[in-house]
Amino acid sequence: MFAEFLQYLFSGLTSGAIYALAGLGFAIIYNASNVINFAQGEFIMIGGMTAASLVAAGTPLWLAVALALVVAMLVGIALERLAIEPARDSDVVTIVIITIGASIFLRGAAQVIWDKEFHSLPAFSGETPIALSGATLMPQSLWVIGSSALAIAALWWFFNRTLFGKAMLATSHNRLAAQLVGIGVKRVLLASFALSALLGAVAGVVVTPITFTSYESGIMLGLKGFSAAVLGGLGSGLGAIVGGLIVGLVEALASGYLSSAYKDAIAFIIILFVLFFMPSGLFGRRGTDRV
Amino acid sequence: MGGFVRWRAVILGVAWACAGIGGAIASEPIRIGSFLSVTGPASFLGEPEKKTLELYVERANREGGVLGRRIELIIYDDGGAGEKAATFAKRLADSDKVDVLIGGTTTGTTMAAVPMAERAKVPLISLAAGIPIIDPVKPWVFKVPHTDRMAAEKVILDMKKRGITRIALISEDAGFGKSGHDQSVAVARENGIEIVADEVYSAKDPDVTAQLTKIKNTQGVQAVFNFGSGQGPAIVTRNFRQLGMSVPLYQSHGVASKEYIRLAGDAAEGVRLPAAGLVVAAQLPATDPQKPVVTAFKAEYERAFKSDVSTFAGHPYDALQIVLAAINRAGGTDKAKLREEIEKTSGYIGTAGTVTMSPTDHMGLSPSAFHMVEIRKGDWVLLD
Amino acid sequence: MTLFRPRTGGILVLAAIIALVPLGLGNGYFYDVAVNAMFSAIVCIGLNLLIGYGGQISLGHAGFFALGAYGSAILTGRYEVPPLAALVLSAGAVALIAFVLGRPILRLKGHYLAMATLGIGIIIHIVLKTESGLTGGPDGLALGDFTLFGLSVSGERDWYWMAGGVLLLAVWLSLNLIDSPLGRALRAVHGSEAGAEAAGVDSSGTKVRVFVISAVFASVAGSLFAHKNGFITPDIGSFFHSAELVTMVVLGGMASTFGALVGAVILTLLPQVLASFEQYEAMILGAIMMGTMIFMPKGLLPSLAGLIRRWRGER
Amino acid sequence: MSLLRIENLSKEFGGVHAIEDLSFTVDPGTIHSIIGPNGAGKTTLFNLMTGVYAPSAGRVLFQGKPVTGRKPFELAAMGMSRTFQNLQIFFNMTVLENVMVGHHLHLDCRLIPSLLTLPGLRRRDREARDTCAALLEFVGLSRYLDADAAQMPYGALKRLEIARALAAGPRLLLLDEPAAGLNATESREIDDVIKRIAASGVTVVLVEHDMKMVMGISDHILALDYGRKLAEGTPAEVRANPEVIAAYLGVQA
């Protein structure tokens, strides 16, 4: 009985950590610009596809991963410079549509540059399952969970301990005030896209040995990441992680104890209920409009 | 590339006409229209289908076309969406004035185009497996692939032979897996095999150990059958091994390509699945009438595209051969005549098997189309 | 509200366009695309009331579209309800669902509202996919012709006039609503929710009413679409369709009924035009979407109207 | 009977008492002002009275009926209108439309008549247009009638909010710092408008910083400090109160 539960937990943790990593990227860009970047999933795809194709071409894994991170960051920077920056003063919904356009574009580019087949990466530390009280976990899942933990720690350090990180946070709270004290809002926006693209690529690389990757793999991860980020409360890194883990765990437990056909629906129903009672998500900023 | 082929065909046609040579060749080209799911969730089917069509239309043109007429191929990508498929089918029939339609990568896209094909009276040859496409029989609609039921039968009978009576199903919740699941349930019931666990997963789920754990903990499961395509079955296979499950694992023909073995890796060892002759061309006995056909096709495809052939790549080849033969017999592209000739297809040996159609059977595939194979050392081993 | 201030003028121009377009439609396929564009336009006009005028996002409207379509298919196919009655019953059921869900959901703001509506759309999609006994599952469901007072609507030309009529009705209703006290209240809620409440506007009630209306527009369009196609799959209720609908509204121009219409027409035509670009189709579509929003952030119609106004001003 | 009665009202924000055990009444037909230094709890009190916040304890009675917990739009329907310190103008609408939203309660907002624009609805809307145009005239904004609200100067927006609040036909009008941010001339104009509103029989409650203005037009003044009542009475009485002087001058009495 317990072994069964533990296995569902592991299953949920594996999926949840993947969603959490995807959600983290949303949180960073939202923090800097109040924009939901619907192309976030494509960063994950680009990271995975670049690494997978380089490894297939004979590049050592570590180099392929490093290059994949660089490529994704460059794409993130290009996206910000060419598509977001010129529309910076537009409505949020206008920018959201731009990011949807960007995700269609990047997906289209990926199928032209690479192909439509599924690709994989070798697991970083072997394929021998780790057994624990009758349940098993793949070592790669630990890589994913570890990456999320590391990412959240690094982000905390960045936003609370570095000058530039603090500046980014300040910009998210009050753009005008940040400008007045001389923080370059443009640079902050650029950095936020680079950073979230980097995170996306990290997610893509560590996740590919588990889920494989293809030009379309960013869609689902983007959607789940968005759900995780909203459930946790937009702009909260911790929220995105917790949100992702909850979505993953709910799916696994629902599959195990209720119905695998409705596991996605059950996850969304839980999200809806949380939002009904906590309209700003679990860790979102709660502000009453001052009138 | 379809557009490219089409334009080249048009330009060549014009050049011939201007030069005033080759009288017959200057006549109207034969227009074949195709709507395929080249992108979207079924792109792993649609992409090889498109490649095959382009490859063999070009080849037919190189060899002088049919009845001295060139073949013009027009392909649209429906992205797997039924609504788009219906519109593109209409575009092909009304605007591009094609003589015959090949397509519908999936049962959904095919069925969405069926009302239009019936109304416009254009022969349609589907590349999808669903039984509703041909049952009940619709005058203008045909299909070339095996039905999912045939694959399910192959698997269930193999289980029966091994004395297995209680099984678990795990299937993808969308198109291919869903209809395969429904067929498997029916076939299992007819053969006295009990389904003791029945789980589903979504195409892009990163992990299915939860579903498999439930199966693992169900009393008396003697085998697991996974109906799905794309990345899902590879994840199922890996998770299956991760949980240390030791009962036999069966897959469907949806993963009968080397890509599956590559993605699932060592976990695929010992997995059994039904595969068309095409996939196991090399292993077929020399006496098999299909051997020369599938060996040639496989070689040509893999040389042209440098990627492993899958069952699905063969479907448009069969559709094209059947259509071209029917046009030859009909002596032209009169749609009613063409339809009749397609229906009269008899003894055609293709990648899917031997096809003999009739007014009551618009698929006409012999039931022996599938071979049961087992994966050993990363390659197929023919079991029957 | 921008280009055509005198609204009767706008409707007349639209009617004239609908009447004249068939002169340029060569065959059934073009009619079919035009009909699809008009059905999308009907959904977008309703959605625009919610997004453009009410300032409330919905990423789940394809769900209502699909419910209308499946409601019609199931009622006419299984229970032999006449098509018009099935359309009305489905729309009524959708209105009820939207009403019940609307209260709790519309308390949410911005991206949280987007998430909630997205969730509802996805849940509807999953139910349609899973309950194959009723819906036919992923393989879809067939349905018969639409009949109106004993006359059967079949063939692209019949559908063209049918869709044109319903579209004009939708535009008329939408323009009426915007100019009515309720429409003013709605725009006020968009402008300042606190201000509207202080002026006596029941903001959540107003939002719910418009949510219901926009859901009904989607449901009716879905029912008609289903009969026109003769076959439906759960994909019409997918998240991508919802996102496409929102894109149409924003691309055409928010808070502009005719803008929503233009957006729907363009995004329906674009994939058809781009189909011959084959594998570059997605890249071009994405680039056009980005380019339009970067250079015309207010959407096509308002931006073009602004240009024309400026150009006239200079002369 | 008093028009508005506040009984033992308290409001806490995370342990901080913004309003503490406050009671007072507003008599019909008067101009009643609430003064106090920054952070005294004036705007909180305002938001409590108008239903934006729910009180931690105590209650509010309007025309003898308890209204605690009612939503702002329900209070508006009972005859209580307000303006905002941070302007809440509908910048996406014209000036006249802004005022017409204020007249909302007197118009038909049912769904079906709105969609069909039934004749009755149209006629009443035309009448509303005239009423609201007259109100704009009353506050001196008739030249902006068809302008977009977004194009108006700040001072005019303040008067627009007053016109919108009047369009509801209130018995009680609550004005939150109507003169804040205005220059002397604009202030005097507002002054004049408020006097004319009171003269028309509408009771006015005013939160204001501008002491000169308050002293000039109020019938009754309530002075707050740290969420408590400091003093209450006629302008002359309050002006003479040593605690008020101390609070304003920051000297311990």
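The letters A, B, C and D name the chains in turn, as written, and every chain counts its residues from 1.
Methods note: a residue touches a chain if its C-beta (ideal position, glycine included) is under 8 Å from a C-beta of that chain, and two chains touch if they have at least 3 such contacts.
Being a predicted model, the structure only gives us computed values, none of them experimental.
Distance between Cα centroids is largest for the pairing of chain B with D. Think of the whole protein's Cα atoms as having one middle point; the chain whose own Cα middle lies nearest to it is C.
Centre-to-centre separation of chain B and chain D, using mean CA positions: 73 Å.
The distance from the centre of chain A to the centre of chain D, with each centre set as the mean of the Cα atoms, comes to 47 Å. We define each chain's centre as the mean of its Cα atoms; on that basis chain A and chain C are separated by 31 Å. The distance from the centre of chain A to the centre of chain B, each centre being the mean of the chain's C-alpha atoms, comes to 36 Å.
Of all residues in chain D, those touching 2 or more other chains are 52, 84, 88, listed in ascending order. Across the assembly, chain C contributes residues 130, 194, 279, 281-282 that each touch 2 or more other chains. In chain A, the residues that reach two or more other chains under the touch definition are 111, 261, 264, 291. Looking at the complex, you find that chain B touches chain A at residues 38-41, 43-44, 47, 173, 199-202, 204-211, 213-214, 217, 230-231, 234-235, 238, 242-244, 259, 262-263, 265-267, 307. Residues 51, 57, 104-105, 107-112, 114-116, 118-120, 122-123, 126-127, 130, 193-194, 239, 243, 246-247, 250-251, 254, 279-290, 293-294, 297-298 of chain C touch chain A in their complex. Touching chain C in their complex are the following residues of chain D: 50, 52, 71-73, 76-77, 81-84, 88-93, 97-98, 100-102, 104-105, 107-111, 113-117, 121, 125, 128, 161, 164-165, 167-168.
Remark: chain A residues 4, 7-8, 10-12, 14-15, 18, 111, 115-118, 120, 127, 129, 136, 138, 207, 210-212, 214, 216-217, 219-221, 251-253, 255-256, 260-261, 264 touch chain B in the complex. By the touch criterion given at the top, residues 26-30, 32-33, 36, 129-130, 132, 137-140, 142, 155-156, 225, 229-233, 235-236, 271-272, 275-279, 281-282 of chain C touch chain B in their complex.
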